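Here come two complexes built around chain A, the first alongside chain B, the second alongside chain C.
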Partner chain A sequence: MGPATREEIMFRFILKRVASMPLLLLGVVTLAFVISRLLPADPIASIVGQRNLGNEEIVAAAEAKWGLDQPLPTQYLTYIGNLLTGDLGTSFQTKMPVSSDIAERLPATLELTLMALIIGAIGGILLGVISASRKNRAPDHVSRVFALIGSSLPIFWTGLVLLFVFYAQLGILPGPGRLSSRVIPPADVTGFYTIDALLQGDMPLFWDAFGHLLLPAFIMGWGLMGTISRLVRASMLDELGSDYVRTIRAKGVSESQLMRGHVLRNSLTPVVTILGFAFGAMLMGAVLVETIFSWNGIGSYAVEATRSLDYPAINAVCLLGGAVFLIANLVTDIAYPAIDPRVRLS
Partner chain B sequence: MNRPRLGKLARTKGAIVGVAALATALSACGSPATTSAAEGARQLVIARAMDVSTLDPQRGYCDTCQIIFSAVYETLVTVDPDDPSSIVPRLATSWTVNDDATSFTFELDPDAVFSDGSPVEASDVQFTYERMVNLQGSASFLLAGLESIETPDAHTVTVNFADPNSAFLAIGAAPYLGIVNEEVAVANGATAGEDAATADASEEWFLQNSAGSGPYTLAGYESGQSVELTANENYWGDEPTFPSVVINEVTDSSSQLQQLQQGDVDIAMQIAPDALAQLEGVTGVTTEVVDSYNFVYLMLAPGAAGGEALEDERVREAIKLAIDYDGVIDTTVGGYGKTQGSPIPNGFEGSEDQELPSQDLEQAKELLAEAGYADGFTISSAYPKFAVYGVDFDVMMQAIQQDLAEVGIELELTPMEYTQWAEMLGSGGSPITAVYFAPDHMDSSQYVQYFGMVPTGAWSATASVDGAVVNQAEVDGLAQALTETGEDRIATYTALGQEMADDLIILPIVNPQLVLAYASDVTGVEYSPCCNLDLAGLGIQE
Partner chain C sequence: MTAIAETALFRAVGARTRRIRHSGWLNPQILVAGAVLAAWLFVVVAAPWIAPFDPLAETGARLSAPSAQHLLGTDSLGRDVFSRTLYGARESLPIAVAAIGASLIIGCLLGAIAGFFGGVVDATIMRVADITMAFPAILLAMAVAAALGPGLTNALLAIVAVWWPIYARLTRGQVMSIKEREHVEASKAIGSSRWRTLFRHILPHSVTPIMVNATMDLGQIVLLVASLSFLGLGALPPSPEWGAMITEGAKNFYQPWIAAAPGIAMVSVTLAMNFLGDGLRDVFDVRARR
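Showing the complex of A and B:
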């Protein structure tokens, strides 16, 4: 047998990583289970309400109903057993199966995060290119300040201010929520309102959903834009100083071709790494934007679950977070060799 | 260097075109894609931070539930909006009470029908009440002491209690006692049997469906997002003005305000009092400040670890006198609040003649000196990080901390998440904590049952270093009040209010007012004592 082809190596690599995922996720869930139970806090309080804390009958009935009267090992084994059959349990708070809660909320956050990622990546690369090609001149300085503001101001503040300016004062961008008031959401296909609106051919609905995405996605993507623009600028300047650039220039290739065809492409490798991590971080850290923009996503679900010590929901969110992180990492690793032929999987 | 001038110009043009396209797109965003057609028949949109965790009326227990349940389900009786102490018919046309207030007989309106067109019958009442008790849900305590229910005919129902319970008519008006269509509920997994707490499997069904006789039916619910109600086509009473009502989850108070300003919502339910000024002079928006029955209080627990100093009544009195109530009300709710004399809130029977608390630093210092604390002392306070009815507990506790420092008491504050605070209460408690209370119904008995030094009292167990405290005057007074009506009952509750004020365990700090903010063409926006906001009572100005 000859040496493995590039495709075979890639396939084995993916297989190995995917095979290790269940074990890693079991670890995540076990950790989440143990930590949430170790907290000096009582989920019964949020189930029965403050008024009933002293009512032994009501507390006992609630404990029995939710299985909280069982010893911890039994609770753990029951949970893992259910998990293996795909049952994530029922949320203490929403009283719905956690899987349907997540199915309802995840698309909202995914749509927002992807939009933020697109805004952050495109904006960041554009700013980076402008900065690199106009090094130390006005456009570079402006882009630097813009990036700095985006990465340093707290999201809840920029969120409130931009909402105040563009929604409450100027009225040119729509307000909180995924759709305007009195607008009926599209039939649920993907859970992405923009895509579902397009699927049913309703353009006004598409624009409504799209408009609602802009402000929160920009606010989430702004910080990323800053990071990426700085990164692109630095690596482009590095590339511009290298020998091959001198050779290409000597060959008489136009400056824009050089930038687009060679320098930028070579500078994008670190951006891919950042995007992979940023996607995971944004997905799980969307809570502030979700709160300000009344966005019913997974971030606010996670916070609500933690606050009320909703065990099944906490575990599920940890599981989801772990899975997103592992998948984002895997995708990043696969994307490397595609962008940069110098990188090889082994 | 070769500068691509033309290319740059082309890019600039491209950018301009792009911006123009975006602007066109955005102006499209400004106009809603799909709206109800006729003005006057629009969908009513409400912005609210919701606290819903179930929509089963016999399981629910929350402020938002009150609004939804009272629109979808109907109680036997209700309170008169103009005189909350007076009980008026709803499903029942008339009722009689036996002499010792243990037996209540209701005659049901023969016209009353559920949303599926079937008549509301005595068996539905029996099913609802028995299910409420056996579910052992959060509001089950409302029917504590229920002994039996008789249904001599389809339109007569008698509810019997073990002990006198003159509060029952008021309790019967609580939205959690909304009557459920037995047949429909049972078909979807509900049971009223003794094993209902574990055997009833209808909770998920109730999240998307309803089985009531009220002016609205539940059209849909998405937790964390919205609740939608549509007018009940088979409603046996007056048709509500709005064909459809949606309550949107808007957690942030300033977002609520902006949405109201922009006309995206008709009613914003939790506008912070300090934001009122921003709505002044805004065309098309009406604001009002109204009294509420809610209050926030300090609970003193001599029996909690580290609370020994509070065992001396003079120390508790000194704490009460050291607090600058007006200052706290200014700091927390911008002055939109009142002081309250006892755990019976302003407006309830027994509250009229209570002396209101006020600051007296000199007397506080004297009392402390008499009690042997001339140099003050240090005491801890763990409290939940609530922000309710406009009162941010952090802000309130810091203000109180400063007030107590004036008389030499150093208050060590430990803010906690609610679940952590609850766990702490169950394992020793905190010498001083802060809590809030909103009424479940319009009878004052709930305040004695919860705040009194009585066996059912929530805070009596830690009221002394020697263990649970029983104030016999309160036990007897409560039993007596539950046999009485009218002036006699008012006199008894007034005495009970004084007793509880003298216990010096519960110190009411602020009775916050409510901000009503709504589109000016919406009529009937009022704070309803039973139901928070009566959706069926809302209309549109001609």
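Showing the complex of A and C:
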């Protein structure tokens, strides 16, 4: 047999990465379990309520029901066993299966995150192009400051400020929540209110849902916008210094055509890879934004769960976060060499 | 998106692109950022002397707008917002510094051991680090803080639990490249113990880039502390910690001055940190070396 082809190397590389996933996920689950069970707080109060804490019978019955009277290793094995059958446990707080809680709330967070990604990517690429084509002049500096501000603002505070300005004072954007009050949500098809409204052909409903998305998505996307603009600027400047650009210029191609047709295209590779990574990070970054905007998604679910020491829910959200992060990384690692053949696989 | 994710992103960016070096030590960016931070350092030390009122006492009418007497107004308990913001620096900033310090010590030690000894030790430490980093930072910090119970000390522990792997990875990389250098060979040749070689001849050479990173991270840590407090998992009332003050402001949405002051204070710190870090990164060109 001759030396391995690029496809074979790629295949082995992917196989190795995929094979390590279950082990990493087990690690994530175990860590979440250890944190939630080995620390001093006792969830029993949140299960039976403060009032019943003195009643030993109720406490014992609740402990038996939720399996909290078992030794920890047994609890752990039961938990892992249940996970393998797709059972994430039952929430102490909502008394519903955690998987159905999550399924109900995930679309809200996904819709918000995707919108934030779109805003971040488009805004970031635009700013990056402006920066690179006017390097070290005023627009470049403005965009640099804008990028740094994006990563310096406390999301929960920015949310408050923008809500106060655009909703309370100017009244041009809607307030918190996914829809205005008294507006009935669309029939549940995808769980994305904007898409479901379109499927119903209900344009006012679509615009209502869309308007509610704008502010929280912008706040979530701002940081990403900064990152992408810096990235696009740096890689465009790199490209502009390369030989092929000189050749193209020598051929007499116009500057704008050069930028659009060649430089920008080559500079977007790293952007694609960072989007996967950002998606994983943002999905969970929704915690603060969802709290400020009363957004009924995974983030606010996580906050409620931690406040009430709802172990099954906390563990499930951690598992989801870890899984999304790992998968996003995996996709990024696979996409990078696929998009850019110059990247070496090792 | 979260500030933490943002840091991670900036790292990913830095690793893949060459930064353009264009400034020296004394550029205005570093100077202005340094001045802002120095001013806050002064506030941390001198808050009791420059604050006009007791931050915890009811010293005026409730929810009164900014006036000559109460420069930044009062909150729902009639406490002076200006004084509380100044005192808040004493809560928020030392915790952030302590969290970075502890993460640095733990991360550098574990990373150095992993990089220097290699093998099973390396694999074990780095897998734990990988798994920890697979958690979204805010979520892991929330879980730890929730389980430990609210309070600034527990928030600090939660942040250290989330943040050490970053420095462990960095240090490991540094140590692995430095341990191949000739002066390390020499140290081994004259019979120094392995620990002595590590601590005397390898670690001191790995410090600079790690310190620059820590400077950049400080702003993010300030945000993380405040985020935990904002969610009710950090500082507790009546503490004037900035995140907790913003929660208070969120409850009084139509009295914007309550949340404005601590928010602007926090932004001035994190912006200064990020500008300083950005400036230092250009000076040291650290990212390119990773």
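By definition in this document, the second predicted complex is superposed on the first by the 316 of 346 C-alpha atoms of A that agree within 3 Å, B and C clash if a C-alpha of one lies under 4 Å from a C-alpha of the other, contacts with A are read in each partner's own complex, and residues count from 1 in each chain.
The working rule: a contact is a pair of C-beta atoms (placed from the backbone, for glycine too) under 8 Å apart; a residue touches a chain by one contact, two chains touch by 3 or more.
In this text the structure is predicted, and so the values were computed from the model without any measurement.
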Joint occupancy of chain A by chain B and chain C, clash or fit: clash
Partner chain(s) touched by A:Y301 [first = chain B, second = chain C, both, neither]: first
Touched partner set for A:F164, first chain B, second chain C, both or neither: both
Which of chain B and chain C A:F13 touches, first, second, both or neither: neither
Partner chain in contact with A:R105 - chain B first, chain C second, else both or neither: first
Contacts of A:Y76 with chain B and chain C, given as first, second, both or neither: neither
Partner chain in contact with A:G322 - chain B first, chain C second, else both or neither: second
Which superposed partner A:T94 touches (first chain B, second chain C, both, neither): first
Touching partner for A:G223 - first (chain B), second (chain C), both, neither: second
Touched partner set for A:T291, first chain B, second chain C, both or neither: both
Chain B and chain C contact sites that coincide on chain A, given as residue numbers: 39-41, 160, 163-164, 168, 291-292, 307, 309
Parts of chain B lying in touch with chain A, wherever the complex brings them together: 1-4, 7, 25-36, 42-43, 45, 53-54, 61-62, 136-138, 140-141, 197-198, 203-204, 207, 222-225, 246, 248-252, 254-255, 258-259, 261-262, 264-265, 417-426, 435, 440, 450, 458, 461
Footprint of chain A on chain C - complex, ascending: 1-10, 12-13, 16-20, 22, 127-128, 130-132, 134-136, 138-140, 142-149, 219, 223, 226-227, 230-233, 243, 246, 249-250, 253-254, 256, 259-260, 262-263, 266-267, 270-271, 273-275, 278
Touch list for chain A against partner chain B, complex: 39-46, 48-55, 57-58, 61-62, 64-65, 92-96, 101, 104-105, 160, 163-164, 167-168, 171-177, 179-184, 202, 204-205, 207-208, 210-212, 214, 254-256, 291-294, 296, 300-301, 304, 307-309
Chain C partner contacts - residues on chain A that touch it in the complex: 24, 27-28, 31-32, 35-36, 39-41, 116, 120, 136, 148-157, 160-161, 163-164, 168, 220-221, 223-224, 226-227, 230-231, 234-235, 237-238, 270, 274, 277-278, 281-285, 287-288, 291-292, 302-303, 306-307, 309, 314, 317-318, 321-322, 325-326
